[in-house]
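One chain, chain A, links the two complexes that follow: it is found with chain B in the first and with chain C in the second.
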Partner chain A sequence: MSEIARTARGRAVFISLMLLPAVAALGVFMYYPIEETFRLSFMRSSGLGDAAFNGLANYQFLFGNDEFRAGLAHVFLWAFWSLVIQLPLAFFVSYSLILYRNRITKSLRAVYYLANILPSTITAMLGIFVFSNTNGVLAALARKISWTWLAKLDFIGDPTLAFWAVFFVATWMYTGFPIIYLMARMEQIPLEIREAAELDGAGGWRYARAIVLPMISYPLRILAVLMIVGSLKLFDLPYLMTKGGPGDATKTLGIILYNQGFVNWQYGSAAAVGVVIFLLSLVFTIAQFSWQRKGGEAE
Partner chain B sequence: MKKRAFIALMVVICCLVVVMPLTAQQLKLTVWGRDLTDGEPDHAYVTALIKDFQAKNPDITIDYVALGDPGLADKTKITMAAGSGLPDIFQTWGGSTMGGYADAGRLMDLTADLGSVPGSAAARGAMTWKGKLYGVAPFFAIAGVFVNEGIFKANGLGIPSSVDQFERVADMLKAKDIQPFACGEADKWPGLALYMYLTDRFGGDIFSQAAARKARFDNDAFVKAAQLYQRWVKKGYFGDKPLGEKYGDAQQLMATGKAAMHITGSWMCAQYSSKDFTDQQIGFYAFPAMKGGKGPVTDIMGMTDIGFAATKVAASRKDAVVRFMKYAMSGDAAAAEPGRVSSVPGVKAPSALTTMASNVFGTAKLVQFWWDQNLPPAVTTPLNDTIQTFFLPDTDVKASLTKFENLATQNMGAVK
Partner chain C sequence: MSTLSPGIGGGRQPRGSRVNVPAAIVTIILIVLALAVIVPLFLPLLFVFKTRLEYSYNPWSLPRQIRWDNFVQAWKVIQLGKGMVNTLIVCLGAIACTVPPAACAGYIFARYRSRMTEVIFYVILAGYFVPLQMVLLPLYRMSVGLHLADTLPGVFLPMAAFGISFWTLIYRSFFRSLPCELAEAARIDGAGHWGTFFLIMLPLAGPATVLAVLLVFMSAWSDYLLSLIMISSQALFTMQLRVAQFLNAYGVDHMPRYSAAAIISAAPTLILYILGHRWILRGTLAGALKG
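On to the complex of A and B.
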């Protein structure tokens, strides 16, 4: 065996050994659970050793179930409104912080990001503290200033308002990360470009539209995908604030999965919900990778 | 001198050889419970149980793990499913949840060991599944009507003795801007107690028939009860925004005299009789009967408040488990509880309010277990979801119940 061949074989062995722990960890903690979830989704199981194959019955049950359809609709609605409200809001805030940079910019950035690092239980409690009709801040304030129309609104108990109450709290909680992310990207835009734009008479809005937005389109797309995937997996905030109620008004796929598995003992149905979330997330993740490639090439 | 030292050393070694096996006989029991063993009044019983049992049984070490709610239920379910990592003893409400574990062969049959332990029949029934006894329930919770007696007295109202009177009283309270009922339906489960009573009062023990698949969950009694419930919601008996009110809010409404009645479990006796919690004078009464209805006032809704069952991993330490269970059912241990209704004979009720609840429990001729603990787990969340729809004024409650019946058919079989 030649020296070159020996070196190549040694390198291959070395690389394989280096990769082995990561591959083993991925196999045990990611691919095996995914395979098990798929397998379980075709079984009827209470989780107590009574699993029996039942074909597509779990999927048929889910797609014929009002609660699941409501959950599916809610996560897509959540994704839609995240794109329409949270993403532009994040852009607006980050752009304002960059454009009007001053001594308090760093502090403001920390303030905006603070909600993102708070545990969701705390955020949910704060949300209830604000919106609760019995002892909430908003209702108390409305009563104090005699705004009876506002005092009468039941943000958490009214099915038409509950979704928006949770979404509002989520917007506060989740917009911090996009703000930081976009600011980091905006800070990379050379100052000369902005000066040149100003010399050409571009105001703040024109500068944003013609220069900043095109230059941050790639991170915006990534954020959009992250928001969509995050919406599909949504669980903590709606569960903690409303437990998915009133009725099915704030049910998400994550809440349905939890209920099916851990409360109703329907592991098969819970796995089927997990598979639906996985497949939907996969579609958007593939889209993300595809954009990432294109974005990478463009940049 | 050297010889003496050698002999002394040998004696010490011999002593150690004799003592070490004795030390090895120290038994360890892992107990999973809900509450911390701290100074909270709500946790007084568990705190005393663990501490005193340990002191009185030095050969047994208790490794008590407080898992909270729903941590206890979630972790128990997961470990029961995995079949490994099980505790020796776990806190449970019994019923179908415990029954599922028993069916899966995870629990230890203690019928022969605990069958003769004195206690209420209802409590023993909750810890029994398919004829086998799996544990003990030293405390039993019943649902009844907590009444703010001060408000009633100030407004010249008597305790309702029929559902019709209930309605009249509620109308009068509403007219005086007092919320008739605190509920907490934002948490979904608190609305169940009233629905259980209304259904029973309309149709007697119709629930047992529906659970045994001899009646539908959308039959006349269930629908009439739901319609009456919804009518009360529309009349504002539960406040203007009942779905925004959590169970903690409901307690505060009662504690501050903003609500006049609360239909809930007797576990609230400790708080409602505590001067630190409320300055109101609160009493506990049985839910009244209904004119022309089938369920008498002696039909009581309730279930285990604190119970313990043992798993099969403790089989080799069965004697220690039985000693723990028997101590849990002893008057010494139960005496530490400041509010719950005890199922241990001879235990004096710790407050006047608990005495009232115990008296109601004493009249029970039929005890119906919480539906969401007694039905198969597959339908319990949908049951509470269904009841929450009664609080939505535009809901067709019959359609909601039919939807629930369809789910029950899928999971429990069709009505025979």
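On to the complex of A and C.
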């Protein structure tokens, strides 16, 4: 064998062996299960054995099912309110942190992300603990100042309030990421632009509207996509706080998949929920990539 | 005229640090929001040193004496000790199965670019966007087949597979940022592909590795969903499963003991964050700013 051929082979062996662990891990634990999800979603199967091909029956069942429709509605409601509440809140905090630089705001920076790193079991516990009707912080405080109307509200047990209680806790937990992300993006805006704006008399919040917002429109859209995909994946907080209840009030697609698959052992319909989650995430992720390409050109 | 200078852009301090009203108001709002984040975290401290009776009469008073009973009880009744051992195994397993494959793959994608490796790179990158929730069920069925269900590797292997994509991206950009001359020099010195990687490049990637180990540890420590579906026997329950189990069984009726459990189970990530928040934020953003 010639010297060149040998080094080429050595190089190929090196590349293959270096890629093998990552490729094998993803192949076995991600891509094979994805294929299985699609396959199972067309099967009538419960228990461990496979049953016959079932066509679209699982999907028909899901879309005719009140629980699933409620879950789908919650996912989109959740995404909508995340965009309306969490995104502006994150923009306000991150912009203020940068606009009003002083010793206090500097030390506050790391605080907002703190809740994000807590285990969700702890966050859920704190949430129940604040909102619980029997022993909750809110109820106890309300009783103390004799706001009986507030003390009477059952945030966990009332179908309308439960959604908001969970959403509130999620906002507390998850808004930290958009804050630090937007902050990092805003810090990338060149200093000259700011100085030019200031010379033109666009300081403070006018500067935000006229220059910063347009310049971070692309990161804002990315965050919007992340929030929508996050709603599709939502499981831990509502499951731990309310188990999706009362009734279907806080059911999410994640909870429905879990219940179908691991409580009712209905593999087929659980897999169909998985496919719905996947396809919806795919649509929004592709949207993100097409924006990204445009954003890359603009920058 | 500019009393209010926006500090957007580089790290330069704004000109004129005169106190102005909007700045003061906004700062106060920011402080209130920060308190809203922090205060709930301190609530458990208010209860953890009380007996159950004391708690039901005076939940809001400061503890009259420091008792450690609740910690001891939480450790025993909720069996947090066992849970902690299991969680640590999951963390170590997740680190061992995520970081080395990602480092190797990231190096190849940074330094051995060809059409073939580009294709594989996109296959791995795509994994970053796959929601774990989607595949829970086949994952579980497959684990039963592989005898991984109800074992700790059954938790950390899929966890690693879903983490490798992100860290491959990080390593790839890290290796790309290292000067090419180093690898050239190593090769001239007679180091082969393997030697160059293990002896020269990998040690240089130390910062990326520290970050990866830290963040993989933190997310493995906090995991709930995978442990929930994979683990069914009590002896293998991770810490978060035990805490959740306790929450389900008692709700908030046993607040002091529950607070103790919560403090123990949240402490490691909180301490790591307080010590290394600069790093953690940088690492979290590194992926996001690229992607």
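The definition used in the following text is that the second predicted complex is superposed on the first by the 269 of 299 C-alpha atoms of A that agree within 3 Å, B and C clash if a C-alpha of one lies under 4 Å from a C-alpha of the other, contacts with A are read in each partner's own complex, and residues count from 1 in each chain.
Simple rule for what comes next: a contact is a pair of C-beta atoms (placed from the backbone, for glycine too) under 8 Å apart; a residue touches a chain by one contact, two chains touch by 3 or more.
Since the model is a prediction, treat every value here as computed from it, not as a measurement.
With both complexes brought onto chain A, simultaneous placement of chain B and chain C is prevented by a clash. Contacts of A:Y174 after superposition on the shared chain: neither chain B nor chain C is touched. Of the two partner chains, neither chain B nor chain C is touched by A:W78. Annotation for chain A, partner touching more residues between chain B and chain C: C. Shared-chain residue A:T134: touches chain B and chain C both.
Of the two partner chains, chain C is the only one touched by A:A25; chain B is not.
Once the two complexes are overlaid on the shared chain, A:F262 sits against chain B and chain C alike. When the shared chain is aligned, chain C comes close enough to touch A:I193, but chain B does not. In the superposition on chain A, contact of A:F68 is made with neither chain B nor chain C.
Residues 48, 128, 132, 134-135, 262, 267 of chain A touch chain B in one complex and chain C in the other.
Interface residues of chain A, counted against chain C in their complex, comprise 10-11, 14-15, 18-19, 21-23, 25-26, 28-34, 36-37, 40, 48, 93, 96-102, 104-105, 108, 110-115, 117-122, 124-126, 128-130, 132, 134-137, 140, 144, 172, 176-177, 180-181, 184-187, 189-195, 197-198, 203-205, 207-208, 212, 229, 232-233, 235-236, 240, 253-254, 257-258, 261-262, 267, 270-271, 274-275, 277-278, 281-282, 285.
Of all the residues in chain B, the ones that touch chain A in their complex are 74, 77-78, 80-81, 83, 100-101, 103-104, 106, 186-188, 239-246, 249, 252-253, 376-382, 385, 388-389, 391-392, 395, 403, 410. Considering their complex, residues 46-50, 61, 66-67, 128, 132-135, 152, 154-159, 242-243, 245-248, 259, 262-267 of chain A touch chain B.
Across the complex, chain C meets chain A through its residues 2, 4-14, 17, 22-23, 26-27, 29-31, 33-34, 36-38, 40-41, 43-44, 59-60, 97, 100-102, 104-105, 107-108, 112, 117, 120, 123-124, 127, 129-142, 144, 157-158, 160-162, 164-165, 168, 192-194, 197, 218, 221-222, 224-225, 229, 240, 243-244, 247, 251-253, 255, 258, 262, 265-266, 269-270, 273, 277-278, 280-281, 284-285, 288-289.
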